[in-house]
Amino acid sequence: MQFDPFVIPFNIGLYFIITYVVVRCIIWFRDLSRPDKLRLQRGFFGKPFGESLKEIFLESLIHRKILKSNLRLGYMHMSLAFGWFLLIFFGTVEADVFGDHHLNAPYKAIFFRFFNPDHGRTGFESAYGFLMDLILAFILSGLLLAVTKRFYSRVVGMKKTTKLKITDRIALTSLWMIFPSRLLAESFTSGAYGNGSFMTGSLGAWFSTFLPVRELAYPFWWLYSLSLGTFFVLLPLTRYMHIPTELFLIFMRNSGIRTGDKPGTYSEVQTYSCSSCGICIDACQMSFAAGINTMQSAYLLKAIRKNDDVSHMAQNCLMCGRCDQKCPVGIELSPIRMIQRRMEDSENDFRTVYKGYFRSQQRPEPVKPVMPPSFGFIPEAEPKKVDVVYFAGCMSHLTPGIKNSMVKILNASGLSYSFIDEAGGICCGRPMMLAGLDREARELINLNSQLIWKTGARTLVTSCPICYKVFKESYYLDVEVLHHSQFIGNLIRENTVKFNFLRKRVVFHTPCELGRGSGVYDEPKEVLSHIAKLEKSKFEDQNSLCCGGSLGNLKIDSRDRIRIATQTAAELTKGDPDILATACPLCKKTLSAVTGTRVADIAEIAAEALVIPRQQRNIAKQIRIIKELADIS
Amino acid sequence: MNKHVIVIGAGVAGLEAAGQLSRAGIDVSLIEREKMTGGHLNDWFKLFPDRRDSREVKDYLEKFTNNDGIKLLAGIEIEKIINGRGGVKVTTSEGKELIADALIVATGFDLFRSSRKEEYGYEIYDNVYTSADLEKMFRKGKISLHNGKSPETIGIVHCVGSRDEKVGNLYCSKLCCVTAVKQAIEIREHLPESKVFCFYMDMRMGGAMYEELYREAQEKWGVNFIRGKVSEAGEDINNKVIIKVEDTLAGRPLKMELDMLVLMAGMEMSEGGRKIAGLAGLNAGENRFFAVTDQHYGSNRSSVKGIFFAGTCTAPMNITETISHSRAAATEVISYLNNK
Amino acid sequence: MDKFGYTISKGRQIDYDSNDRRIAEYIYEREPSFRLCIECGGCSATCTTGNFTRFSLRELNILIKRGENEKVRQNIRKCMLCGKCILVCPRGVNTRNVVVLARQAFQKSDDYAV
Amino acid sequence: MKLEGKKAIWSEYQKEIEDDHYFYVRSCIRQNFFPGSEVAFLRIMRDVLKKDVYEHPCHTTCSGIGYHGDVVPVDTAMTVVARQFALMTEAGYSNYVPSCITSFGLYTEILDTWHHFPEVEERVRKQLRQATGREFKVPGNLAHASDIIYKFRKEIAEKAKYKLVNKETGEPLRVVDHIGCHYSKMFPSKGIGGAEYPYVLAGMIEEWGGETIDYPERRHCCGFGFRQYLVQANRGYSVACSKEKFDSMKPFKPDMIITNCPGCPMFLDRWQYVINEMEGTTYGQNGEGIPVFTYEEVAGLVLGFDPWDLGLQMHQTDVEPLLKKIGIDYDPSDKYRLDVRSEAVSNEILVNA
């Protein structure tokens, strides 16, 4: 037997999806910018290729990252992905080795038992059959978890499960039906022929005791083929598009392509690579602290795929970056969200099913009308020439303790510095950026850049991680940008300033913009362990929490902020530390409002521990006078 | 023989004082000029800030006054008060003479007569009402204009007859702000499509749960607050009320067309109280309410021996404060009688 | 008019009934906390922009509510969105969103196209 | 509108007005603006009501216009007023009747000041003595000329030839009464009906068959505002004020406006023309303006005086539509005739002031 009509649905589905994916990849490739095209070519034919293969194996099949973060959920994903892969792989081998011909059409492998019902009675064949049954059982166990998850998320250790739309529902049902229908089809066939391995065989034998298995087998082979066909055809409309897209993503990422700040192929590929696993939802404090479950990254990406209006969703996020850290697919979620913020409101154009097969291509940024500068009212300043510029930042003006402490430390350092926004300065521009208003942000950046440039300083110290991030990333300044925790760290390392050791137990809260935002994790902790007894908390480094005060979220209301802050403070003060330390005026202000524990900025603790270098300062003064005299001469 | 105390006025203060004295075994004669006890409670529907029915409070008060120890003389005026060695002798309009060991004056307050603020046109323009008129509408369950239709835009004027030198009342009546907020919410409950504007000079929301009510009015009911004293009201051809006010926070005069204007009448010394003051030789204080001997520890005492005050005849108070003040009055009377 | 040497002066009065309050409605709908403002002026006092110019968020708030949109349109873009106002607001008004929404509303409305 | 409420207020604000022997003092500007009005007042008082009204040829301005225009200090104003009182005292009168509302306001203000601060009165007496050698008595009764007409409104109605009624329809005419700001806004108790709902003109309208209109901007100033008009740069405010009133009264379809102040009829009348020139807006029916009258003119019309004797040809907004509505018999060709029919000016010798 070479062919049977029931394979037609499967064949249609398979060839459709292969063609679809290939065409789509070609279009994606075509739309890449020239440098990115080169990167991808180099990546594909170069060393990163092996890396990519390894990653595909580890992440797309084994789902190592999900396994690490959640064993049961990982097992579910692995059993389905890796199991199915094994089933296809060994099925193909089986068909190749035991079938009539070598190099069979795919359906021959998939429906091997239908075409070779008598197979598997003897030694090696039966052992192979055992292997195939084992793989199927492996998949089915995962499927059982998946089905249970749909109805009761706790089973797989997840708190939230993503919400589904109708096409997703059909696709999901067809996916669920694939393996049970295969099991039944194979079991009935085995029952009819009296063979089969431990599962299909025994199930078939049992069925044959009370069912007309020979007649029943054929419809189930049809069902199996139909389920596969339906699944493949609906694939582009559903989140399962992530299965092929993710492969492409891995190659692109390993070739060094990054999201950038405009919509493009990479952001689109990422959008389609999301499997809606929901790990981002679990990681999100908006969800677990404030009970808001509508705006998490999985939902955002889905809404983008559906071309829904996402402006509100995009802005309703703390931008803490916790989901970026946790995403098993490695999607750059925050940059994608930022792209959405920069876009004008897209009209909610409802997509038909037919349209869904085409790309939900994000419109390029509309040309904004030429507007007069927003900040023309800001007067030009003439700052004095110094080596170090201290920029406290807007928020630090609401926490005078921080700026006063920094002044104390800067004075002790003996460096020539200028407190550039002592009488109130201009905003750094990051809050504007976070609201998606890049043009205005650029205006502020230019104004501040000019001011800093005029001082001739080599070092820029800021107390605010929000400012730090934007100074570091978006200012084109030829100065070393330091957060004050790094600056204090340098003073300690160079032994310029001496600090006492405070007998106080301190827990450190890593500010989002400093830690995940800018990758500064260790320096603040080094400073703290130098001057006090630093204790660990459950939420360290990449896993640190957001204080809830974030400027990233334009939409959250004050009560939800307080909920998040309260939970964060409670988690961090579980060990009852003397001080809850942070390195951000906004975190300090937010957290101190919701906890009885003393909340202090690292600068304040350092200033407390500071040994006033009386003599040293005098010397420094003299040196400065001598230097000045030398300059004059 | 049992001691005997006369309580003048059977509103919240009088009822509570009488109830307290009676429970202490003192005979009480409770004199009320109206036919019905309860005073202003009878005119109000729901009470701030918890919005309970005023009848519940009235029922509570009357539960303790409905006994043999208290003789209620309703619908009776007082003609003469003579304070002598033997006690206080009160002559009623029926010619009856009552002799008591002490007297509690609980004559309460009168609502400011809003037509005195002529510029607001109360009793002249068809759709200008007072807070008391609105309460009657709430009790009936229907808010309607002169022509029977439901209003869509309603303005509420705070401080009508309070904090107003022009009508001779320098003091704050304390309750109008919260009443305005309460009534604004009730209007919005009755008429979900309506828009309500409160025109205030200051929001004086000092009582328990008042500020929360204010916030609720803004957040849940979308009541608009405009800071400025309405200077005048006029009526246009469609019988709408046109008001002029300065939006002091915008620094601009503002004109608005309203279907209904509600005046938050303040509290004044009652006419009955003034009569008693004359009969008993009691002094009025700066705000024409009864003068107490000390603002801190003598708020129930009058300058006349054996005569005490309870409730809003001494100053504007809410019901909670009135009841507390009346209990304090009862305590004062008991200790006075014990040491006599 | 030259003929008389003077013209009819425009009143300063806010004509509440004929003013366009759509901008306010747009914001109320999307940011309900806008209603909670009690005009204390905390935001204006701490304002980074207010340090340089007469920009007052408190004033703009009330002008939006009264439908006096022109002054708001002229000034709203001066805000740097730094967020200090959120930290000082005693009523928890999400002031940054109010500004962002006001900008949006003006941009969307043909009557106020920038 | 609830009339009972107004009646309650009116009953609270009544004032004593003597019923004969008046010392009449003219207004500075009315003699130019509406010269027929004061003549009409004298005619009504003397010829119709047979009252004794005395006019002193040496009386001057009360200086109120300068006082409210911020150019005359209060002490000067008080001394000038004291001189007027001296003339009254010398003539043997004590019932002082000014024709001008601002004068009435100023006299009231000054008398009230003297009442509260007798030392000021003493000072003014001294100043008057030093300046002119005159002595004065404070008037026994101060009433504005419109108060007098109000007092005799019933007598006038009895003798009336016409009523304020539309002859065609029989409906009462819809009349806007505009009270000068200085009549009772400063001292509500000194005006008939008080400040919020003055009754002085409403009472005449009611008595003579018309119906008053209560429109939202009833209390608003006519727009004169002294500096508002006197300084050209401010004049736009003056027009704006009148316009606000017209816009507000227009829906009520008024047939006429009656005023009791020198400035108000001037501005309500002239600005209608200016607004029409500037914006093309008219406020009456059929593209016409709303005719504006002084109360004397209306009293004269009702009594059957010739419109042109009353000086109605001096109005900028045509009065003819109203004359037709009432059915007043007049000769249109007489409107601009040149011979003056008014009484001969009294020959009293001008005494050195």
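We just call them A, B, C and D in the order they show up, numbering each chain from 1.
Definition applied: a contact is a pair of C-beta atoms (placed from the backbone, for glycine too) under 8 Å apart; a residue touches a chain by one contact, two chains touch by 3 or more.
Source: prediction; values computed, not measured.
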Key: Pair of chains joined by more contacts [C-beta pairs], B-D or C-D   = B-D
Remark   = Farthest CA centroid from chain C: chain D
Message = Of the chains shown, whose Cα centre falls closest to the middle of all protein Cα atoms?
response = C
Inquiry  = Please tell me the distance, in whole Å, between the geometric centres of chain C and chain D computed from their C-alpha atoms.
reply    = 46
Inquiry  = Centroid of chain A to centroid of chain D, CA atoms only: how many Å?
reply    = 83
Message = Centroid from C-alpha atoms only, then distance chain A to chain B, rounded to Å. What do you get?
response = 63
Key: Whole-Å gap separating chain B and chain D, where each centre is the average of the chain's CA atoms   = 45
Contacts with two or more other chains, residues of chain C listed in rising order = 32-33
Inter-chain touch pairs (all) = A-C, B-C, B-D, C-D
Key: chain D-touching residues of chain B, taken from the complex the two chains share   = 115, 118-119, 121-126, 232, 234-237, 239, 242
Note = chain C residues touching chain D in their complex are 1, 3-11
Touching residues (chain side chain C, partner chain A) in the complex = 30-33, 46, 48, 51-53, 77-78, 80-84, 86-89, 92-94, 96-97, 100, 104, 108, 113-114
Note = chain C partner, complex, touching residues on chain A are 312, 315, 345, 369, 371, 374-375, 377-379, 394-395, 397-398, 423-427, 429, 431-432, 434-435, 437, 440, 444, 549, 551, 554-559, 586, 589
Ask   = Taking the complex as given, what residues does chain C use to touch chain B?
value = 12-17, 28, 32-33, 35-36, 38-39, 58-59, 62-63, 65-66, 68, 91
